[in-house]
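Please go over the structures that come below.
The same chain A turns up in both complexes below, where it pairs with chain B and then with chain C.
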Partner chain A sequence: MLRSDTGKLSLILLMTPFVLWIVLLILLPQLGITFVSLREKIGPRQYEFGFGNYIAFIQEPIYWNTLLRTAWMSILVTVMSLLVGFPIAFYIAKIAQRRSRAGLFLLCLIPLWVSDLVRAFGWIVLLRETGLISGALQYVGLVNGPVEMLYNDVTVVIGLVYTVVLFMIVPLVSTLDGMDNSMLEAGYNLGGSRLTVFRRIIVPYAMPGIVSGCIIVFMLTAGSYLTPILLGGKNSMWFTEQIYDQFITRYNWEAGATFGVLLLGFTSMVIWLGLKLTGQNLASTVAKD
Partner chain B sequence: MNVAAPQSALLRTVYVLYVVCFFAYLAAPLVAAGMFAFNDSTVPSLPWRGFTLGWFFGDTDPVIGMFHDRRLLRGLTNSLYIGVIVSALSVAAGTCNAFLFERRQFPFKNALYILMIIPLVIPGVILGISILVFASMVANNADRAFGLDLSALRPGTFLVVLGQFSFLTTITSLVIQARLKKFDVSLEEAALNLGASRLKVLATVTMPYLMPALFSAFVVAFLVSFENFNTTLMLVGSDAPLTITMYDRMVKVGSTPVLNAVSFFLMVGSGLLALLSVVVQRDRPSD
Partner chain C sequence: MFDLECENLVKRFGPFTAVDGVSLEIPSGSFFSILGPSGCGKTTLMRMIAGFENPNSGDIRLKGKSVVTTPPNKRNVKMVFQHLALFPMMNVGENIAYGLRCRGENKADITAKVASVLERISMPGVQEKQISQLSGGQKQRIAIARCMVLNPDVLLLDEPLGALDLKLREHMKIELKQLQSQFDTTFLYITHDQSEALVMSDNVAVMNGGRFEQIGAPETLYHAPKTAFVAGFVGDSNRWSGTVSSIAGDLAKVTVGNGLEMVASIGGARPQTGGEVEVFVRPEAMQLLAKGAATAMAAMNTLDGVVDSLLFNGAASRVLVRTQAGLLIEVVHRMDAGQVRVNPGDAVTVGWAHGAGLCFRVGG
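Presenting the complex of A and B:
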């Protein structure tokens, strides 16, 4: 009797930090912004409940165009990171010598430990009009005057892929690492071409890694702020910038909260869809490493 | 013969070249940000005007090094302070969560486990604004109902700590749980059979085993906190941490080599910390 009582007590004690954390810092704040987003300001300190903020969002093309653009660019960046990162992850997990494997993996992780800001700053130093690449091109004689390579979409995508590709490589390496080469051999022995083996053996095996990489990368891109702002300049049109603008610059919390709910709803929907389509769940993918 | 590698020599060379290019791409902005910290010029661009350490230690205008720049130094101390507090808190909470999910059975365990991972897939900006909104709602209501002035719930260091804690705890929980999962419970049983109390077992058997994971969870949390921007930006008050101070400087003054110096300093600092955590993780006598 006494034994089970202490068991229950310690369970409650262990549970307390978890419940406080999830309820106070995650659930209630999310309910909070939903609440504020449903609150229309009709006068000083006078509010009314309704979907007015959402209607305002739909009626203003700049707002939903920004959301669509952010969505579209995030999907593009996710696909690009997968294409760029997969061969690297495959190389590290399957081709590199045992010895150099850990070293290459660590090399991959180095940019992870450097602030977004430093990375974006590095790109600025490289790509701006007076930057290194512009200087090098002039020195070689390929161009006559300085070239401005900042403030366009290609640069934003390159910068975003740079910031997120590691989150693609890490889960991919950890899944591919577990794949036995004999599976590939079997595939070849049964007459599969390289493409068939890739499509029917490697990709299905790597699926949990692909899904978890894509989820994290998509979420990080859609929620990123610094890279699009600093590399895209004034016409970057990024949705998080709108949220910041409404909250901090215009002090319009109702609109800002509406945008926040929309962004969260959108990213959750894409993540949910991705999990459903591939038959994975959050615990088996994201929490794996 | 590695069956995974391309069979033709040409393809193999192309593959290796691609990998080399990729690592060059990874290194390029970091090298660019780092090298101009040592250029003796007031703008971080070519031509190269000679080597200097002035952007670190200089104290005369216009070359004021980062160690004489009062605002940058304040940002650095704020970041250190916030980082240590938030890492300690999230390692403590993460340890509880790891024991909770690894050792205990309770109703709705799977659903609650998903809930524990969720903060990782909420964009940082949203975590920031939601905590800002919720804290202000609480503060406003407390003010209206009881006349309490809860200034801690207004933007400032306390909210930054809460905001970073909200997602770092997921990371620390996962790191610590991964190690706890490998722990052989029979070791604890043996200690209990030999007459040790539960607390004693925890202190002398389980916790020492978890130590490397606790340490690396702490380092990871500290680094992520130190470099965090999105969540912090929404919650920051007058005591801005370093990333915010740097961003401010970049937007208002433009890029100056001091920022390169800070970048270099951060790269070396976080690189050493990350290396330390790898060494500690690897150096485990038990397995």
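Presenting the complex of A and C:
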């Protein structure tokens, strides 16, 4: 009796911070935003309940085009992060010596010690017209005048991949680390080529890590603000920029809240679709047995 | 015709020589074991045969053809791994079909072959089961079936019974032996467990420090070991070190410990008078005699002592006897099978025939 009481007490104590965090910082603001998005302004301090803000979103192509563009570019960034991150994760988990593994992992973490803002400025220093790369190209004689490498989509994608690739590597390393080397050897021993072993053993085994990495990276990218703004400039057309605009520049909280809800809904839908297409489900990727 | 031949295989890792000039020949359809303590190089030897390590020198031939330069996925040797390495993301049927699909066989053939191999390991109809739903013994059989469906020239087994509990291990020993004769394929089994090697094999190679100490049938290794290592490693023995006081023919008189004398036959290289030797006597070669009764018997070693404790273990029950000089001797003595009842503290005499003990020169 006493035992189950202390058990209950410790459960409550351990759960409290988590519940408070979820309710106060995630659930309540989100509900508030949803509530604001359903208010229509009909006059100064006069509001009416309705879907007017959503209808306004659909009627303005620039808004939903921006949302679609953000989603597409985020998917592109996710795929590229996977392509870049997988070999790195495989090297760290399977090929590197046990001793150097921690060091390599640390090397991947170092960029996180510097703030997003500073790293974006780092890219600017490299890529702007008067930047290092432009200067070097001119010095070598490959180009005649200064080259502007900022403010285009390629730069935005590269910058985003650089920012988020770590969040792909970490889950991949932890899944690949759990894979017994003898599984790969068995794959070869039974007659598989390198490609077969990769396709039929490594990838299916790493699937939970791939899916969770992709979810994290996609969400982070779609919700990122600094990198697309700084590297893409005003032409970056990132959806978060629209949200910022509505809230801060136009002081139109209703429209901003609507965009926020739409971004969350839309990205969640993309992830749901992705899970359906790869035949995975959220429970099996997040809580692996 | 030999299914597998190794000739003078050497493998070095930096300054360390893991396998040092090993040669072996395995006749078709036989069960061959490599027995050795951990770190003796047996796993390295097996990995070279499978193709995961390249030998520094020497040759490996499968059915007479050298495979040293053949990559592992092209060699017709299949391997059952220590932890089996079944693929958890595939079901039983897909696990077995994996190798066939790598070969590019057509769907209908694969289905038929999978069903037939499952039949042969007496687990028909489990294709749809997940690996995690199987018991330890079933996983074992699936791992073997996954290899056997490909008709390998040689099946390598890397201590696959190590992870099983004792009862199941005993059972699987017999089952493996039966599977081997049923599939009629050459099995190369490596283990550190001498009972596994003795029970299942047609031939056993005892390996130590990267070399083979002796290759032979289990009975030969047990009754006529060629080196002290084999005598000590295969089966249980009472083991004493001493010096040779005289040699007569194949028998040597050895002084052990505190002046006890015993006669033992000479195994391996002949020792010199005064040289150091190790004496091995099997517990089952000894018998307990009534105190003083055996002194008159010729051609017997006798030692007087006191029963220290009884070690009951069914058919392998022993009695531990402490001699006056303080030596502890294990003697097979089955009171439940009609032999004289003894109790701790009883004075007894331990006796064994002169030829039953073996002595080996220390240092080869």
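Heads up, the rule we're going with is that the second predicted complex is superposed on the first by the 251 of 289 C-alpha atoms of A that agree within 3 Å, B and C clash if a C-alpha of one lies under 4 Å from a C-alpha of the other, contacts with A are read in each partner's own complex, and residues count from 1 in each chain.
The definition used in the following text is that contacts are C-beta pairs under 8 Å (C-beta built on N, C-alpha and C of every residue); 3 or more make two chains touch, one makes a residue touch a chain.
From a predicted model like this one, the values you see are computed outputs, not experimental measurements.
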Inset, instruction - Using the touch definition from the top, say if A:Met15 reaches chain B (first), chain C (second), both or neither. - result: first
Legend entry - Partner chain(s) touched by A:Arg39 [first = chain B, second = chain C, both, neither]: neither
Inset, instruction - Kindly classify A:Asp180 by the partners it touches after superposition: chain B alone (first), chain C alone (second), both, or neither? - result: second
Legend entry - Comparison of chain B and chain C by chain A residues contacted: B
Inset, instruction - Examine A:Ile215 and indicate which partner it touches, taking first as chain B and second as chain C; both and neither are also allowed. - result: first
Inset, instruction - Please work out whether A:Gly191 is in contact with chain B alone, chain C alone, both, or neither, and reply first, second, both or neither. - result: second
Inset, instruction - Return first, second, both or neither, reflecting whether A:Tyr205 touches chain B, chain C, both chains, or no partner chain. - result: second
Legend entry - Shared contact residues on chain A - chain B and chain C: 185, 188
Inset, instruction - Give every residue of chain A touching chain C within the complex, in rising order. - result: 180, 182-183, 185-193, 196, 200-201, 204-205, 207
Inset, instruction - Spell out the residues on chain C that touch chain A in their complex, using ranges where they run on. - result: 50-52, 71-74, 77-79, 81-83, 85, 87-90, 98-99, 102-103, 146-147, 150
Legend entry - For the chain A and chain B complex, residues of the former touching the latter: 11, 14-18, 21-22, 25-26, 28-30, 32-33, 35-36, 84, 87-88, 90-91, 94-95, 106-111, 113-119, 121-126, 128, 130-132, 135, 162, 181, 184-185, 188, 215-216, 219-220, 222-226, 230, 240, 243-244, 247-248, 253, 256-257, 260, 263-264, 267-268, 271, 281-283, 286-287, 289
Legend entry - Partner chain A, residues of chain B touching it in the complex: 2-5, 15, 18-19, 22-23, 25-26, 28-33, 36, 43-46, 92-93, 96-97, 99-100, 104, 106, 110, 112-127, 129-134, 137, 162, 165-166, 169, 174, 178, 223, 226-227, 229-230, 233-234, 243, 246-247, 250, 255, 259-260, 263, 266-267, 270-271, 273-274, 278
